[in-house]
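In the two complexes that follow, chain A is the common piece, with chain B as its partner first and chain C second.
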Partner chain A sequence: MTDRHDAVLRVEGLQTQFLDPKGPVNAVNGVSFEIREGETLGLLGESGSGKSTIGLSLLRLLPAGRSRIAGGRILFGDEDLVQASEERLRRLRGKDIAMIFQESLSALNPVYTVGEQIAEVIRQHERHDRRAALRRAGEILDMVGMPDSARRLGEYPHELSGGMRQRVVIAAALACQPKLLICDEPTTALDVTVQAQILDLIADIQRRTGMAVLFITHDLGVVAEVAHRAVVLYAGRVVEEADTPSLLRQPRMPYTQGLMRSLPEFAVGRRLAAIPGFVPNPRSMPSGCAFHPRCREARADCSQTVPDLTEAENGRRVRCLRWREIAHETERRGHA
Partner chain B sequence: MNVLTNQCLTASVIPAASRALVEVTDLRKSFAVGRGLFGRPRATLEAVSGVSLQVFPGEIVGLVGESGSGKTTLGRCVLRLVEPTAGTVRFDGVDLMSLTARELRAFRKHMQIIFQDPYDSINERMRIGDLVGEALTIHRLATGEARRGRIIELLEQVGLRAEFADRYPHTLSGGQRQRVGIARALAGGPQFLVADEPVSALDLSVQAQILNLLLDIRDRLNVGMLFISHDLSVVRFIADRVLVMYLGKIVESAPADALYQNAAHPYTQALLSAAPITGEGRPRQRIRLQGDLPSPVNPPTGCVFRTRCPKATSHCAAVEPPLRAIGPHHYAACHYPTASH
Partner chain C sequence: MSMQNDIVSGRAMALTENSQWRQIRELFGRAPTLIRVAGVTIAACYLIALLSPLLSPYGPADQDLLARLQPPAFLDGTWSHPLGTDHLGRDVLSRLLHALNTTLVIATLGVIVGVVTGGLAGLISGLAGRRVDGIFMLLVDAQASVPLTLLALAAVALSGSSTLVLVLIVGISDYDKYARVVRSQVLVIKNRAFVESARALGASPVRVAFRHVLPSIVSPLTVLATSNFSSVVILESALSFLGVGIQPPDTSLGAMLGEARNYLITNWWLAAIPTALIVVITMAVSLLGDWLRDLFDRRLST
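Entry: the complex of A and B
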């Protein structure tokens, strides 16, 4: 584990519930991780894993009355955001912590120009007159590689392509040089050639500013491309954590192994070794390990005991009763 | 040039003796955009401009392109779900363009489409069994007990238990929904399927299940398939031959392995280098395209890709490169293709 002092963000035992007439449902069930300065942490999960709920929980942007943080701490520096006042959060959002989402169009206001929207973010957090803020907006658009930035300042969101709009959203997010950028599937709606531009851009800005990045995605390829370290989520829990190269080379948790085998690029022969079944409903979670009904390594005790997230080599963490056995078997097979 | 194009896309990967199931020749589709004061269109957008292709029985042809490439429009024109502006589509020797609306409806049982989200187009209040059996009724293929039996057979064919017949759509997961979409497409006993981004909305673990299922169906029923996707790794896995589309045109065509190992067109190379790769060891030459797709209302002169192409010269602006052979069964529309064969 790292020294707690260089962690920009430390999440401890986060529990987020969806409130519903039949009672609360745990969408995020005791999730812990941390991100250091200059680091990109990939938060990898399929639908129902709780990855987006974690992102929203961090900034306390959960829909009021429909979900709530039921436990845990979100330490930004020394401050626990779970306890912070609404006023304090308003000041942090967009300034010290920024967030970008998949659908850039909904993040932009259709009736204001690109320049006005970025300038607005700047003026909320910094003392600038309108003209100075607009000038700064132009500089930031240059920084995010917007071609013809001076003209773009006066354009409306609908006049831009998907890739350009995502650049504007990133520009607005970066306007106040945040210490932490939370990205929730920011490239999922984009074409691969544009996605590559945006991923390069985020990495480039990180190199220059040292910001920490939490990158939420369902895409293993994107994790491989951007993340230094990755946390794999399944059914609201962390099931594995490792530095990205180790995770991809030697996944320890059978779920992560199954995801890797599902990748068409690793197909052996003419069929993929798919994971059977589908993600469980949070209302009717399987007993024991939530993954056991789909796991080809499962034994009888996997349906009885909820495995702990245990420390493995090199700061890795794995949630599986059998991970040591499986690792030995994999190694033996590798040598044979 | 048409003659050349047609020769180029004749897939001799397949034994010469077998006849193409679907043969598309110089297909075009334009749309009027931005109507003016008196309803006169201000401009036309050519979404598909002169595409020829063939699909053989039991063959999966991958069609790769980014948004705005025209791949979805092309897929629908091939089935005449969207009326092409020009060109011909022959299905097992029958000229689809010559069919009347009524004949076309009857013909639909031979050729079907699988959508990204089958639930965009179906009635949520119908039971799964009736959704799957709709085609059986429309084409008067089965009634009563026989219909029920055939529905169960179709459900089993896509890996769903018989009990699903009595369920409603909202109780299904994304993967199960797509299985229902596939069962619906198979109901009429088609010889040809257009699969339009069939796994794009699915989680990775479920995507693998559906890809396996589509391969099983091809093997079992020997259907030909046009598999449309933006995902290069998915297409490489499933397709026998791959067509790369950019701004309404096919820019490269090759057997799947040849395309991925020896991409000749700069656009294909850029696409491959942009796709995030999970594996290690492959030294990656990064080609980063600048900017976005040009507007199809006002496409570039000469080569459609030249405005974003690192290799472009003045020749590319003046002369449109035809699709020509650069290797065995490998064709590229580029004045300066990478030679590697």
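Entry: the complex of A and C
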């Protein structure tokens, strides 16, 4: 593990529950990871894996009364956000930690101009008059590569294209130069070409400002493009973590391997292999390893013992009883 | 560069401030003739009500018992009393102008009271947690289950009749409708992505409520307010007719109607004249409200 002092964010054993009349359900079950300054961490998972819930938990934006953080710590610097007051969180949100969401069209308020929306974030956190905040908004729009930014300030969201709207959303998030940017599927609704531009933009701004980025996505291709390190989630648990090149080259956990096989980019000339079955319902989790009913490497004891997240080489972590055997086997097959 | 930015952003601000007003004027210019007539009628009513002390030929309470129950000019009366006189010889035109003033003041303030109390109740109910929501909705349901005239009679019996009491009664009589509409809108809007986004960037609950949720419910609220305006006018008239509203010698359209009911057979115009004015005002406002609703609906659906 890395030196604890350069971690911008450290999540330890985070447990988030959905409350429903039949009792609490664990959506996120003991998740730990950390993000260093200037690093992009990919949080990879299918829908229902708990990845978005983690994003919302970090800023404590979970719907009140319907879900709660039941355990763990979220350390931002030395401060535990799980214990922080609502007032303190409000000052952190947008200033030190910003978050952008998937739907750029609906993430902007239709009744305000682009300039007003960016300026609003600035004025919430910094002492500026309206005019100065709008001027700053113009500079930030320039920074996110908005063509003709001065004119765009006075336009309404519906006058912009999807890609431009996403740039505005990013501009609003970056307005106060946060130390951590959480991106929840920010490019999913965009065209592939625009998607690439937005990913480049985020990477570019990160190089210039040194902010940390948590990138939540279901898309292995996006992880390959932007993330330095990736955490793979399955059913609310971390199942594998590694730096992106080794994760893509040698996935150890059968679930990650399955994800790779189901991607067209990684399966040229082969049949695409879907992972059979569905993500388990958190109400009725399978015994043992949550993935075993869908796992093609599963053995008898996989349904009895819950595997630990074990340390492997180069800071990699794997949650699988048989990862050593599987690693040997894959290497043998690779050599043959 | 920064100066250019400054100029442009200044213009951008000016644009957003002016454009709404201009937009409304433009839309009104393109409205059907009937709507424009309705709009002009309402504006004229307010203007006349405002100027009523100057326009009235007599004082609204000046009696002339020798000239009782004279017919209006269009029914072979004289032009010294264009709309005739009532049972105490008071000039009907002067009383009508005064009544118009009273009725419009009560209805307008009443609608404002209703919009503000109902709007706030709905906003809080929609945004706060389940428990607060439950309490507010209980109050709203309770309101809907009490007959309004009974409530009004009780309020007047307790506190005596005054314009202020009347404004509060007609205002609060409608608050449940506003509260319901606002609450349902808030429940939809508060789950929209831009509200979540604003929270994620540090907006406080009060800021979310007033800056992000409120602007989106202004249109349905406007439509509801115009359509309720008519019912408030009628309610005020009904209360005054029953004798718990405006007290003589002061008068309102409903009070005039109430006084005229003894003379329906012999001097029908005493009732017909204020009635005609009530009909004109409520029709005009309703037409305008319907037009606004269609306008907003169309804009919402595109």
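To be clear about the criterion, the second predicted complex is superposed on the first by the 331 of 336 C-alpha atoms of A that agree within 3 Å, B and C clash if a C-alpha of one lies under 4 Å from a C-alpha of the other, contacts with A are read in each partner's own complex, and residues count from 1 in each chain.
We take it that contacts are C-beta pairs under 8 Å (C-beta built on N, C-alpha and C of every residue); 3 or more make two chains touch, one makes a residue touch a chain.
Values in this document were obtained by computation on a predicted structure and should not be read as measured data.
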Superposed partners chain B and chain C on chain A - clash or fit: fit
Which superposed partner A:G258 touches (first chain B, second chain C, both, neither): first
First (chain B), second (chain C), both or neither touched by A:A273: first
First, second, both or neither for A:S287, with chain B first and chain C second: neither
Touching partner for A:T193 - first (chain B), second (chain C), both, neither: first
First, second, both or neither for A:G163, with chain B first and chain C second: first
Touching partner for A:E46 - first (chain B), second (chain C), both, neither: first
Superposed model, angle subtended at chain A by chain C and chain B (C-alpha, nearest 10 degrees): 80
Touching partner for A:H218 - first (chain B), second (chain C), both, neither: first
Superposed arrangement (fit on chain A Cα atoms) - minimum chain B/chain C Cα distance in Å: 8
Chain B - residues contacting chain A, complex: 66-67, 173-176, 203-209, 211-212, 215, 230, 232-234, 236-238, 270-271, 273-280, 286, 288-289, 291-293
Of all residues in chain A, those that touch chain C in their complex: 59, 61, 64-65, 90-95, 98-103, 106-113, 115-116, 120-121, 124-125, 130-131, 134-135, 137-139, 150-151, 153-154, 169, 172-173
Chain B partner contacts - residues on chain A that touch it in the complex: 46-47, 147, 161-164, 191-197, 199-200, 218-222, 224-225, 245, 248-249, 258-267, 270-276, 278-279, 294
Sites on chain C touched by chain A in the complex: 2, 4-6, 8-13, 15-16, 129-130, 192-194, 196-204, 207, 211-212, 215-216
